[in-house]
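Common to both upcoming complexes is chain A, partnered first by chain B, then by chain C.
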Partner chain A sequence: MNSLLKRCPDVRFRRLGDESVVVKQSAGEVFVLNGIGGRVLELADGTVDIPRMVDRLEAEFDAARDVIAVDVERFARELEQAGLIESLPESGP
Partner chain B sequence: MTLRDVVSRTWRDNLLFSVLIELTYRCNLDCFFCYNDLAARGKALRLDDYLRILDELAELQVLDVTLSGGEPLAHPDFFAIGAAAKERGFVIRLKSNGHALRGEVARRLRDEVDPFVVEVSLHGACASTHDRQTRVPGSFDRLLANLAELKQLGLRVKINSTLTLWNETEVERMYTIADSLGMPLKFDPAVTPRDDGDETPLNVAPTAGGVRALYTTQFERSRKLGERILDPRRSAEDADLVEVDGKHCGAGSAAVAIDPFGNVYPCVAWRVPVGNVHEQSLGAIWSSSVELDAVRAQVVGVRSALEKEGPVGNLMSFCPGLASRRTGRPDEVTPDMRERGQTLLDVMSEYSTVVTRVAGDD
Partner chain C sequence: MTFGSQFLRYPDLFPARIGGEVWGEREVWIDLPGGPYAFTGLSERQELAMRARYGDYLREPAPDFVATRVFRAQQSDFLEVDTRGWEYSLDVEHEAGAILIAGMNLMARLELQARQAGAVWTSEDREEYVIGVVENFFRPLLAYRVAERGALVLHSSAVVLDGGAYVFVGRSGAGKSTVARLALERGHAILSDDLNVLSPAGSGWNVARLPFAGEYPDHGRGETVPVAAIYELEKGATHALSPTTPAASFAALLRCAPYVNGDPYRVSRLEESISAVVRDVPCSRLTFSLDPGFWPIIEERAILR
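And now, the complex of A and B:
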């Protein structure tokens, strides 16, 4: 999953301390995400791919880069499966 | 962490999460028991004030914004405010009488405001009862047509109703209407005085038999749906209540209401001003209002008052704001509240082992 990630338009969310509360409006579903999961959602604005997310989160979280990379990959996959984010085709050079 | 944990945390840590904004007290209906203080005056908030408030709410991490009234669509800047709320990423709830929600207005609502839910009011199962309440002939037929249109547009709609002397024999038929539309119907079993203390609306308060019939209808519906039922003799937890650090509710701890003149209240039912957004930012009010601190302490006191009532205490849908308006004390239980709780307890006991939540809840 190296394409750009973008939050789905029906997703609303806010930070609540270390967690994020997420509402998927169309389905009426509520999710609670932990720190990294919430940040992945927050950063998924359609301009950032996973390697760049890992760069950003490495500076924010006190964890090894490879651990963060695994977490980000996993969360991105789960968020996509839950219909909270979508992958955009990368634009060419 | 579950949603219940989230709610608990907002109450415990005083995290502002939900704000109700009364945009205007103007309305295109004239409901007999409208609770708004229609004589209230002050410096009305303007569009730029609302944009500033919405910016601040987003910064405070408020998720839930309810646009209410009066009739919120009667505000001349409703769509600009609604669109601004959407742009800032709030979960928007709209409380409307539904009268104007048709045609272009309904389409603009969906496209420009994109509310999570639209809550409308139904006052009876026939035109004579509904229109008697709204005092606008034709409002019942128009509402039903509008509800069908909203559904067709894909908007999520919830129907609210207050049980009254006038509609208490129509409950089952009102559920039939809601079912036919595929929309949930929620009843409030209590008529309340107006915000200015006028108790005229209580003249149409439902009878004890009407309240019992409502609860019986609700439990019967739950039984038919095969829902698990609470044991009323057990704890608040089993009554699906959130209780944190002894707080009875989130009024002033996770939520506030703002009236059309900028006055801030702990909740829409608790009309004790704790600040005004013309004079202070909402953040400043939230963090430093002495009145708000007092409210947070009072909702703790309410828990102990209700515990003295036994199991009934958890079942009377006790509202400290309403109690404060009725008695001057947010922790004082009135006989009619106690009677409603006892009625619910009695009916619940008859339907043992059947419900997932207290009747009347979402």
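And now, the complex of A and C:
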């Protein structure tokens, strides 16, 4: 999953403490995400791919890069399966 | 599926504005949070049915009010619905300027920015059907009105102990009505076992019952009680109280704030109110096994308040 990630247009989220509440309005679903999950969703603005997300989160969280990379990959997959983010084709150079 | 097609023979002809032939010139004024509410254009039978239903909440006309006009529709405008084994839910469409509602013998528009806030078109003025039609409009109307004012309607059961209200929220089937029944059996007062309204009060929140009870009958015009705690209900094998994070509490309350929580144009004010509730009121998760064994947990907290 190396394409750009973008939040789906019907998704809203807000941070509360260390977690985030995510609403998928069209389905009437409400999710609670932990810190890294919430940041993955927050960073998914259509301009960032997973390696760049890992770069950002490595600076923010006190965890080894390889651990963060596994978490981000997993969260991205789960968020996509839940219909919260979508993969965009990367545009060429 | 096209909006309204489950209930309406001609969904494309859903009224685009408030107007039509009224049933009559009778009216009823109701005093509930977000109101007072005036229902006008009623027939005599509709008026009598509403007066009987809302007796404790009736009031005299007031200068500032939320008006709903009731118009006549043809029976042929509505489809026959086979209700066997069927759970009724309204069809709702959200627009920037209005909320459209379709249901059994019901078309309605909510236009909250206008003084004439709503309109109901129905083919029914028989007593046994009028209240159902009106309440399918009145509940969302009230939820939107209070949300605009920083309060919120919650699908909940509220129990009063030692002057404080304990509000139990949960998904359908989580046990809200069971809590109400067990409270009554234990001698505790309950507010509504279906819909209550939470309003800011100083540094805390008050809760008041709405006359939209679930399984337990209307207990008359309700008091307003300070909220002592909110519990998210979860069925389990044993009884236990466990802490929840602010995000989990927020999510639980948002799921239980009907009508407005599904409206992308108007949900933000509701979410601000829920954030304030989570900040101001102790929230936790109550796992219980649908029997009275959980009361000592709640009653101990009431004593410690």
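Keep this in mind: the second predicted complex is superposed on the first by the 93 of 93 C-alpha atoms of A that agree within 3 Å, B and C clash if a C-alpha of one lies under 4 Å from a C-alpha of the other, contacts with A are read in each partner's own complex, and residues count from 1 in each chain.
As a working rule, a contact is a pair of C-beta atoms (placed from the backbone, for glycine too) under 8 Å apart; a residue touches a chain by one contact, two chains touch by 3 or more.
From a predicted model like this one, the values you see are computed outputs, not experimental measurements.
Chemist: Once both complexes are superposed via chain A, do chain B and chain C end up clashing or fitting?
Modeler: Verdict on chain A: clash between chain B and chain C.
Chemist: If you stack the two complexes on chain A, which partner ends up touching A:Arg52: first (chain B), second (chain C), both, or neither?
Modeler: After superposing on A, A:Arg52 lies clear of both chain B and chain C.
Chemist: Using the touch definition from the top, say if A:Phe13 reaches chain B (first), chain C (second), both or neither.
Modeler: Only chain B; A:Phe13 stays clear of chain C.
Chemist: Report for A:Gly28: first if it touches chain B alone, second if chain C alone, otherwise both or neither.
Modeler: So A:Gly28 meets both chain B and chain C here.
Chemist: Per the definitions at the top, what is the overlap between the chain A residues touching chain B and those touching chain C?
Modeler: After superposing on chain A, chain A residues 12, 14, 16-17, 19, 21, 23, 25, 28, 30, 32 contact both chain B and chain C.
Chemist: Quick one: in the complex, what on chain A touches chain B?
Modeler: Going by the criterion above, the answer is residues 12-17, 19, 21, 23, 25, 28, 30, 32, 34.
Chemist: Please name which positions on chain C make contact with chain A in the complex.
Modeler: 245-248, 250-251, 254-255, 261-262, 264, 267, 271, 275, 278
Chemist: List the residues on chain A that touch chain C in their complex, please.
Modeler: Residues of chain A touching chain C: 10, 12, 14, 16-21, 23, 25, 28, 30-33.
Chemist: For a test of understanding, state which residues of chain B touch chain A in their complex under the given definition.
Modeler: It comes out as residues 1-3, 5-6, 9-10, 13, 15, 17, 61-63, 89-91, 114, 116, 156.
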